[in-house]
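Here the chain labels run A, B, C, D, E and F in written order, and each chain numbers its own residues starting at 1.
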Amino acid sequence: MATIAPPKDPESDPRVKAVFDDIRTTRGSDFINNVWRYLAFDPSLLAATWAEVKAVMATPTALEPKVKEMIYAAVSIANSCDYCTHSHLAAARAKGMSAEEQADFFRVVASAGKTNHLLNAIRVPVDPVFVMDKE
Amino acid sequence: MATIAPPKDPESDPRVKAVFDDIRTTRGSDFINNVWRYLAFDPSLLAATWAEVKAVMATPTALEPKVKEMIYAAVSIANSCDYCTHSHLAAARAKGMSAEEQADFFRVVASAGKTNHLLNAIRVPVDPVFVMDKE
Amino acid sequence: MATIAPPKDPESDPRVKAVFDDIRTTRGSDFINNVWRYLAFDPSLLAATWAEVKAVMATPTALEPKVKEMIYAAVSIANSCDYCTHSHLAAARAKGMSAEEQADFFRVVASAGKTNHLLNAIRVPVDPVFVMDKE
Amino acid sequence: MATIAPPKDPESDPRVKAVFDDIRTTRGSDFINNVWRYLAFDPSLLAATWAEVKAVMATPTALEPKVKEMIYAAVSIANSCDYCTHSHLAAARAKGMSAEEQADFFRVVASAGKTNHLLNAIRVPVDPVFVMDKE
Amino acid sequence: MATIAPPKDPESDPRVKAVFDDIRTTRGSDFINNVWRYLAFDPSLLAATWAEVKAVMATPTALEPKVKEMIYAAVSIANSCDYCTHSHLAAARAKGMSAEEQADFFRVVASAGKTNHLLNAIRVPVDPVFVMDKE
Amino acid sequence: MATIAPPKDPESDPRVKAVFDDIRTTRGSDFINNVWRYLAFDPSLLAATWAEVKAVMATPTALEPKVKEMIYAAVSIANSCDYCTHSHLAAARAKGMSAEEQADFFRVVASAGKTNHLLNAIRVPVDPVFVMDKE
């Protein structure tokens, strides 16, 4: 049910093969999930998207990988992105999110959805103490 | 610029005072931020909202407090909730989010916003391996 | 802080004057709120927008006017539309929404925001009994 | 296509059985729809979610039940929540929403979606008369 | 999986037949896509929706048809509207959007999604030079 | 009213100066708008964001610059991003969008918002002819 057709034999294009090989090496797994198979319709878009996801999500930075996946999934849920919600919750589990942490995650996301709507309804003014660029 | 008027002297209502006192005790601070001052227009809504936020965000659970605040902020950003974004980023900082972690958080939220739109455009089908309720 | 400049003397254009006169007659009030003053930058867009709002919101139909304003405000809150939230909550009050009903409205909107996020996270399949176009 | 697996025999857990029994009693029906069957994966989340939905939606308050379901559905549509849209429109029909009222509802939701986008594009300033917390 | 049942023989209603005939004439094609078949459940909603889509999208105006379809699709993606994303990308292709333009479109939509989230997180103040209604 | 404080003298950091210089050269203007002044709080985030915006929006590709700005603005409106809506409508005007085209743009965005909500309410199934990845 997609708006583009993925290429039948994506790795016949060496630019695609290079990206798929890097995905396999980075993850230590032969599995290539659908987002990359579909993005292969445009090798430069594929390469740029993977380069960003690798830099942000698969490179050691201040936040631990599991936490980054949960933040990613939280945004995806609020944007009603079906694929992203599934893939980043799966990634969070693969990176160590426990069942208790996932249930906690659902509670936080649900409460945020609730108060976001309540405050967008009441439109409470921001406390000056929260503002970081005041003169 | 709100859609309701907050009460002038909210703590003259004992139900409001009880909530404000519990907020102060829970946080170890005298400061009551605007969301609670405005919600005081309806003491039962105030009490129910605080009870939920306290249970989800201020009670020890599997996820650490700082991480819960970042997840909460991520949802709030995607929903364009001005107050919630400010208050939960401030809470994350108060609970230990470093400057490096905040920059990391912005990168993850931005990349999620990007791929959410890319995948909502392409509408890539979910890989069966991600689905948890298959027969 | 708008992206267009409203005309200084909108009613010097007879097409604008005709719409403003109809707004005044329909509402029984001389007050013209900002949305119409700004839309006057394009008289045909102004006329088409007012014609639709009048037909949907100011013409007797199955739902009572107060309920229609609350439904309109609910959508506006979820879309984080500042102007629309303010104007349609004001309209709901003008059409009889009591303080108790407004508090009720906030509770329903908040709970909807909560479960929307919870179910967009869990992605529960729709029960067949809810589907109206099944073969 | 969910992100969690619902328990096979949910009512073997007495906490789940207590919630399901209360749902049946409250609704006067044996039918338990999927949201509750899936939420049974975490009995405390199930109990808390049902307690809130029961208090807000199934307890007599100022707004009539049918109107509350329409407000709930309006938020769900704007948030693109598939399950919530189906279940709350079904609930509105079960609580008396006529075919004429449903068509009216669609008209209001569509017009709100239209003007929300128009005003988020033009970014019209809020009329001071609509603001309730001005000094 | 819809919330209404489309009529079995929609063109037996002369109001529906008139709209379908106009759709066929306007497009020079016998194909009637699902949105119109479903909206036929309410002939006046069908007629009003088609009249607006025809006036905005199928009538020559300042912007070329292909560009209007891309703008329409961009909004639909951000709103996670499955049907609208598919139908307006198909319409853009039918009106001349090339494969290169579609890939470009995806890049722009993805970058907009990214910076929208980054700026909704940082909440950068609007430069006065961008504001059109300043005094 | 931002969640970070922009650096007072951003160009004292040579990484920031290099980006600002490239912005000035690319645009042929000395003006640096707020988004870049604020992003200077993290020079690597600034450099990566500018590199992407430059590649997607300021490099000749299949779509003309004016059209890309309108697509960008359309997404920004749907996401209720205040800064992005202002800055990309200003950019579209700077790149040749006429007043007639801007009015057209508003009409298309408004109609898309309307039918997005109508179809997210009715949940019409996608016509198979629109789907590009069917077997």
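The rule is simple: a contact is a pair of C-beta atoms (placed from the backbone, for glycine too) under 8 Å apart; a residue touches a chain by one contact, two chains touch by 3 or more.
The model shown is predicted, which means the values in this text are computed figures rather than measured ones.
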Any chain that touches chain E and chain B: A, C, D, F
Label of the chain whose CA centroid is most distant from the centroid of chain A: C
Fraction-based call for chain E against chain C, same above half, different below: same
Computed distance of Cα centres, chain F from chain C, in Å: 27
Chain centre separation in whole Å, for chain D relative to chain C (CA means): 20
Of all residues in chain E, the ones touching two or more other chains: 1-4, 38, 49, 75, 77-82, 85-86, 89, 103, 105-107, 109-118, 120-123, 125-126, 130-131, 133
Contact graph of the chains (line, ring, star, complete, other): complete
Touch list for chain D against partner chain A, complex: 1, 3-4, 41-42, 45, 49, 75, 79-81, 133
Chain D partner contacts - residues on chain F that touch it in the complex: 73, 77-78, 80, 82, 85-86, 89, 105-106, 109-118, 120-123
Sites on chain D touched by chain E in the complex: 80, 82, 85-86, 89, 102-103, 106-107, 110, 117, 125
Complex interface listing, chain F residues touching chain A: 1-6, 38, 126, 130-133
In the complex with chain C, residue positions of chain D that touch it: 1-4, 31, 33-35, 38-39, 49, 52-53, 56-57, 61-63, 67-68, 70-72, 74-84, 86-90, 98, 100-101, 103-105, 107-109, 111-127, 129-131
